[in-house]
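Supplied in structure tokens, the structure appears directly below.
Naming follows writing order (A, B, C, D and E), and every chain is counted from residue 1.
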Amino acid sequence: MVNPLYLIAVFLAGAFLVPFVDKADRRISLGIFYLALAASVGLSLARLMQADFTAMTESQVFTAGFGAPLSIALGFGFKEAILLSFVNIMGLLAGLYLAKRLARESVQSISLLLLLLLGANGLILTRDIFNGFVFLEILSIATYALIGLKSSKNAMAAGFKYMLAGGLASSFFLIGIAFAYRYTGTLNIDTWINMGVLMSPGYRIALYLIIMAIVIELKPFPANGWALDVYQSAHSGIAAVISTINTGALLFFFYKLLPLLPAEFMPLLAGAGLISFFFSNLVALRQKNAGRLLGYSSTAQTGLIIFVLTGLSGFNLSQSSILMIAAGLFVTNFFAKSGLFWLAGLIKKETTKSWSVLSKNSLLLALFGIFILALTGFPPFPSFFAKVELVRALAGNGAWVSLSALLAGSLLEAVYLLRWLGFAVKKNEEDALIETMPIPKLVSLMFGTVLMILVSLLITTKVYHLSSGMMYPLMAFLAFMIIDFLPMKTKGFIAIGLIAYWGWMFFWGKLLGIGSLFGIILIGGSLVQIFGFMHYKDNKAGLFPLLVMLIFSLGNLLQACTKLEFFLTWEFMTLSSYLLILRGKHAQKAALTYILFSLSGAYLILTGLVLSPSFYHKIPVYLLSDMIQMGLPAAIFLGIGFLIKLGALGVHIWLPESYTEAEDEFTSIMSSVLSKAGVFGLLIVLIMAKDALVANGLITGALGWLGALTAFFGALMAVFQEDVKKLLAYSSMSQLGYIIMGFALMSHLGWVSGLYLAFNHLFFKALIFMAITGVILRTGTRNMYEMGGLIKKMPISFISVLMGIIAVSGVPPLSGFGSKWFIYTSLIEQGHYFQAGLAFFASAIAFLYLYRLIHTVFLGQAKPAQKDVKEAPIWLIIPQAVFIMVIMGISMFPNYITKPISSAVSGFITKPDWLSWTGYNITLASPVLHGNWNGNLVMMVTMGVFGIPLVWLLLVNARVQKVKQFNIVFAAERPDKPWTTHFAHNMFAHYKKALGWLITPKITEFWNNVTEWTHSIAATLSYIYTGNGQTYLLHIFMYVLVIFIIGGVR
Amino acid sequence: MIKYLLIALVLIGMGWLFLPLATEYFTPTQLNNLAANYVYGSAADLNMPNAVTSVVVTYRGLDTLGEVTVLFLATAGVGFFLKRKNSIKSKRRHGSEILKSGADLLAPLIILFGIYIFTHGHLTPGGGFPGGVVLASAFLLLLMAQEHFTFSHSVIQFTESLSGIAYVFIGLAGLLLLGLNHFLDPRWLNLGQWGKLFSAGAVPLIYSFIGLKVGSEMSGMLDSLQSDGGDE
Amino acid sequence: MSFATKLMLSFLSLGVITIWGLTLNGIVAKIFARVQGRLGPPFWQPFIDIIKNNAKRTTVSHGIMFYLGPVFRIAGGIGTYMFIPAVLGSVMFSNYSVSGDVFLVMYFIFFGQLGMALGAGEGGHPYSAIGVARGLAQMTAFEVPFALSVISLAVQYHTLNITEIVMAQQGSILNWTLFTNPLAVIAAMIAMLGMTMYNPFSVVIAPQETPIGPPTEYSASFLGLLATNRGIFNAAKLVLFMNLYFGGATNIISMLVKTFAIYMFSVFVGVAFPRFKTEDSIRFFLKVPALLGALAIVVWLI
Amino acid sequence: MIILIHGLMLIIIGIWAMLTRKNLIRIIIGFAIVDTGINLVLVAIGYIKGKTAPIINDAVSTAQGAAAGMQAVDKVVDPVPSALVLTAIVIGLAVTALMLAYAIRMHKTGRSLNIDDFEEQKW
Amino acid sequence: MIETILTIVLAIISLMAAVYAVLTKKTLNAIIASGIISLLASIMFLLVSAPDVAMTEAAIGSGLTTVVFLYALKHIKDRRSTHDD
């Protein structure tokens, strides 16, 4: 066994030696410094490699040749070894980061850094409370001194405040130790633990003082003003050390002391941790200074870990799984936070907004993104798994208050972190390139990042045993990152080939029932649309990795067998789609809204998954769904989560914005494919909660009305849009409303209609979006009134849109009518007459926006600005052609799609006898409703009645004379300005007069108010941080006393 | 106003928090188990009359190592703050003639006394820390008395570094010579005769290095403090 | 029955309805003229117009969609008719109604309108777009009472199949929907006023009344097709209403009489009322008739 | 007992100074007083009435080793608090010195010793 | 008995010194008062049979700490006189 004392000796000898040899040359002292750091890393890793980790006591080392209570014992077990490896590696990286600074500073700084590490190492190793105090002091004093590395007034003030707080904490600690010794007669933690908890009030106060001292050192809200100042003004290298090494050592010490405490302390500490987590994140919302923001985030994370360590003890959870959760959170924060501090030091920008300089440096931007996403808790980073497990523990034990605080806090955290990411992505012309990039700093950053990713992957595969298939999205992402330098078309074909192969190998013929349907939608639908991206000449860096990751995760939704796999994949999907939206030129705000709603949805889904019965089987989720039935609460959580993804009314705010601002080709995928993931989820929930939902009825009723209202308001809002993408976005929302309506019926016909519409929506919406993408590409605008008369320039796009709108509106003979027919008949059949009425109204309104779409863009007067517009590139035409063919096909031969859907649905709800197919005729002969639809015959008749007049016209009208654009008579003159004669802007003004009152943005207002209120609460709360050191002291005292009184420790 | 009210409340609250500690107090009549073991072991195992020293240097030697480190840290910190580059010596006031000659006379005596204190730490009260401070006080005296007294930084640093390293190595010697659990075990040297200067194993050696280290650290700290912080 | 026979019979049926539709238009024009104190054209005037228009040799086109607009229009008219069984029990007049139910008809009505709107749109004349915008807006509104009324029928008759609806109304005049479900009929008839675009809901065609706009853009055989369609389309809608609300027809005579009567209803209302603004007509449709339609459903639920 | 209470009172007085004085040096003095108080408390805890210092006299110790230890156990006070206090005193000095160094630097950069003048970072 | 009385007297003096240190206007006096507190404390340590602690407290607590305080004060005074206003 590696003796931990070597670690101590290495640091000490290094620290003592350095000032001495420095007389000769600074290079020697730096050499010793790095040697010591490397040795410490080696020692801790060597310990980690040893396999003799057995019981706790057996990995203890004593000093002075005496046994435990007499001498000081050091524990160097598995936990210590891991933590020390991290801490010492971080020490090395921090030393590297500070290399330049240390070469310039006086020699003491080198010793100080070594001793800081000594303190941290000792604090982690020691099993003696007073020895812990000594190492704590070493750690703190070294930190205090190193804060002085930056000699600005603010850094000084911050350091002093830190000293006051730290000094106070050590005073509490010492008093506590004194009395604890008085009651127990020992200082050894293990002996002490074995003694059990004494019942004397004095003893409890002593324990309370000890634990509060550590808690204060861990910077809990609101007694942490001093810490924030330090994070804000200390040298970024030191701030990184404080937030990683110091916090890590203290947390571990805190963890060591926990067994000493009486059980009543636990909820107190847990509450304190959770409050710290939630409120730090809340106050951080309005923080503009990057360093301080990181400080808030740091304290929040620490609070959460405190909560995990203490709050879960009451539940039926093994100690190791609690530790695993804490470790997951810690490790992520450890690397990501240090990375962020280092980045801050590298780019030297104070406000978060000015981080837009990163947009010019893709490497740093990528690192920044990784850190932010890791902190937010996205897979594959350990914090993701930790949060999943945490939610599982909380929800599984009905700790609803804690759970909501946790999730709300996480959401707030996501707000400010991702907003920051948005700032960084935003291109700002004024920003200069970051020129000076010291190699050591960069090396630390890179190495830290690589390490974080490695650790993440290690945890993902070793601890959570995820099948390799589940990591395909990530692998695909990395693979495409590597080949990202290739030209677009090459990458595109590789992507198509890869996905096609993957689909063929893993999905074709292997999926059953609804799985195969969604396989076609999710994989097939996106496969075709990849062509659309290939028209770009420039090498759109980062696009394909994310796109491929998205498609793989969509496919994996169908492969997921366990709850964890499902949620992991779901988060991969959310993540990649968020980043893809963020690629849009002005998409920062929209992407933020998107990810916030998505995350809220994801949290609800997670909660719902926890509540639902476990599905640890080796069969994909969708197949299992019929075998397992979940209760209503789980179904409600899951349902709301998926409805957010669908953009149902009330939570639709993200939808128009992000659809509009995302890159045009991607909007097409979002609308046609990505939204179907939500459809898939919703359907799964309905299947799995079928029994409960059918028994209740109220919920599905409400769901149906929600769908109807979504359909209606979506359509109505689409009518009044000037922005073509926004119009289509609202149209998508409306269409999804119909799907919800169909599903809510909980009948065979209803689900068939929902699924059928899902299919149709994929084809026609992708078709329209692809065509419109071409239009936007060529015209350079999204405002419809700036276009006009494009039919002559872009005839193929026109045909696509024409086909599309006929299909969307439900006009026979195209397949859109089929979906309308299914919806209405299923609604009426189930007696939802008024929903059917509202749906009818909505689909009538659809004509308004569809006409507007095609008229203002393609018809009417052409604009001179678009005189030289060409047809869309072939790459955009290819998917359109495919989709047109598909639409024509399923319109002519609807059986090929309706029958499989029906048989898939009949796996869950038996097909009623009265629904039958004869030839291409679908007959409905239910006792309450008869009806039929023969798509094939309708097509034939329509072609006939269309063909005959056409032939006639061609015969009698042989010599038709083409006329120019302005050959019309308007107000008794020939117009010559297209914009006066193109009726486009505010086209439905009269409609607005009649029904505009319905779309006053009440919901948007509501969400704005929520945002505003949160921000003003944050502002009010932040006023406790007056900046005065004495006030902070007062806070600490009050914090200690208030918890004392609330907890009734006496 | 509210602030003062709060402060008053905090003070009362702290008193209230401490109250049980005082009221529950009773003077014990017997040593607890651990202390008894220490006192017994001091004589039986370590051959050391001063039980406090045996606790400080041997049983809880790691604490003391840490303590020395803390002091080193403080010195380094103070030096780091106050002796930035291009520090200029501030003018010191002349010490009076009496002080000068007194200092010249006393300083060696004081140093000798200091050495006595830390070498006899295992026998009598005192030890490395007071001894070191006494050494530093001689230095202080010289500093005050003589205008141009500059104690060589190299000497201070040399002593400081070397004694520190020596301390660590003595500790390691225990580890290497006696085994895994014997860091800072003084028994690798002969325990010697009861009550003699060279007894109790390496304890006098350790305490001497502690004394030297504390003395040089304190001197260094005083030196940094008296020098002007160096204006930028 | 062979495909060819059916085709022949459908052509015959179409011929009958075309002639009847054009005649009705002629009669109505005459009535309007008389009410307004004019002599008016003869009732065969539409026929003359059509022949004349088709005989013209020159015309202008603004582009392919402009060209196809009238084709869409008349295809919509013919198609609508083709999907409705005009006379119960008659093979000839059953057309291709097996293709679908009443929803198919309701949606196919849009086919022609949409195509026409697109064709007119390509003409580049702002008034066509304005007219379309108004027409569509008004359409969304009158569809609501109409749809509710049809749903009410579905509740009442348990079917969406037109033939079945007609059959359910046989036996006595009291079995007509007009008497069994008067609320639905009122709602639907008001909706029909909007559909036919006579007063008070004629603001849609207002842009066409000035001597510019689509009618002047379209000339010759285009106009001929449009005029033919006016006959067919009107008649088709009348037949639909007859089937749904007035007991249908068991023979061709009753079909002619009933459609004439229904047409006259809208004409007389049109003559008697002034014109609504678009937003007013929207509000109107969404208030009284929609409420009546809803009531019709509620009544049948109870 | 008296020393224990005295120590606790000193701690509270020190806290009072830390919370009310505006001058940095005075705050540090408050801190030093708290330290002294803690030391008193610690030593008081180790005291056993009527016992001597934990130094085994020559008188008892002529017999080597174990016997002397056995006898001494009943006669001396607890050496552990003393050992702890030794450490605490040194650490207290270290912290005080560093605080003072901070104060000096702050006075240099901020031209003030008033803690209220160092409130630039807040919220 | 005599020890108890002595302890009480010392304690009272020490508390008075502490209050004085808090309340006095002059920083120098406060420093000296705190030195006195330490000195009194070291006497008390002697009274409770802790000579090691007493020596250390006398040397470090009351001696060195006070010196360090005084140096710091001198620094600040120097600066005031040079830079001041």
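Note that a contact is a pair of C-beta atoms (placed from the backbone, for glycine too) under 8 Å apart; a residue touches a chain by one contact, two chains touch by 3 or more.
The structure presented is a predicted model; accordingly, all values stated were derived computationally and were not measured.
*Asks:* Counting only C-beta pairs in contact, which chains form the busiest pair?
*Replies:* Greatest count of contact pairs is found between chains A-C.
*Asks:* Of the other chains, whose C-alpha centre is the longest way from the centre of subunit B?
*Replies:* C
*Asks:* By mean C-alpha position, what chain is farthest away from subunit A?
*Replies:* Of all the other chains, the one whose centre lies farthest from subunit A is E.
*Asks:* Using mean Cα positions, find the chain sitting nearest the overall protein centre.
*Replies:* Answer by centroid distance: A.
*Asks:* Go ahead and note the Å separation of the Cα centroids belonging to subunit A and subunit D.
*Replies:* Each chain reduced to its C-alpha mean, subunit A and subunit D end up 51 Å apart.
*Asks:* How many angstrom between the C-alpha centroids of subunit E and subunit B?
*Replies:* 19
*Asks:* Could you work out how far the Cα centre of subunit C sits from that of subunit E, in whole Å?
*Replies:* 107
*Asks:* Distance from the CA centroid of subunit A to that of subunit E, rounded to the nearest Å?
*Replies:* Taking the mean C-alpha position of each chain, the two centres sit 59 Å apart.
*Asks:* Scan subunit B for residues touching two or more other chains and write them down.
*Replies:* 7, 10, 14, 18, 21, 25, 32, 34-35, 38, 41, 50, 52, 56, 60, 63, 66-67, 70, 73-74, 77, 81, 125, 127, 129, 221, 225, 229
*Asks:* Mark out which residues of subunit C touch at least two other chains, giving numbers and ranges.
*Replies:* Residues of subunit C never touch two or more of the other chains.
*Asks:* Residues of subunit A touching 2+ other chains?
*Replies:* Within subunit A, the residues that touch at least two other chains are 130, 134, 137, 141, 144-145, 148, 151, 175, 179, 187, 1034, 1037.
*Asks:* Write out all the pairs of touching chains, ordered by chain label.
*Replies:* A-B, A-C, A-D, B-D, B-E, D-E
*Asks:* Could you please specify the touching residues of subunit D with respect to subunit A in the complex?
*Replies:* Listed in rising order, the residues are 11, 15, 18-20, 22, 24, 27, 31, 34-35, 38, 41-42, 45, 80-81, 84, 87-88, 91, 94-95, 98-99, 102-103, 105-106, 109-110, 115-116, 118-123.
*Asks:* Please output the residues of subunit C touching subunit A within their complex, sorted ascending.
*Replies:* My answer: residues 54, 57-65, 67-68, 70-72, 74-75, 78-79, 82-83, 96, 98-101, 103-104, 107-108, 110-111, 114, 117-118, 121-127, 129-130, 132-134, 136-137, 139-141, 143-144, 147-148, 151-152, 154-155, 158-161, 164, 212, 216-217, 220-222, 224-225, 277-280, 282-283, 286, 293-294, 297, 301.
*Asks:* State the interface residues of subunit A toward subunit D in the complex, per the touch definition above.
*Replies:* Contacts found on subunit A: 130, 134, 137, 141, 144-145, 148, 151-154, 156-161, 163-164, 167-168, 170-171, 174-175, 177-179, 181-182, 187, 225, 228-229, 232-233, 287, 292, 1022-1023, 1025-1030, 1033-1034, 1037.
*Asks:* Of all residues in subunit D, which touch subunit E in the complex?
*Replies:* 2-3, 6, 9-10, 13-14, 16-17, 20-21, 23, 25-26, 28-30, 32-33, 35-36, 39-40, 43-44, 46-47, 51-55, 76-77, 81-82, 85-86, 89-90, 92-93, 96-97, 100-101, 103-104, 107-108, 111, 113
*Asks:* Inside the complex, what are the residues of subunit A that reach subunit B?
*Replies:* Residues 1, 3, 5, 8-9, 12-13, 15-17, 19-20, 23, 61-66, 69-72, 105-106, 108-109, 111-112, 115, 118, 122, 126, 128, 130-131, 134-135, 137-138, 141-142, 144-145, 148, 151, 175, 179, 185-187, 200-202, 205-206, 1031, 1034, 1037-1038, 1040-1041, 1044-1045, 1050 of subunit A touch subunit B in their complex.
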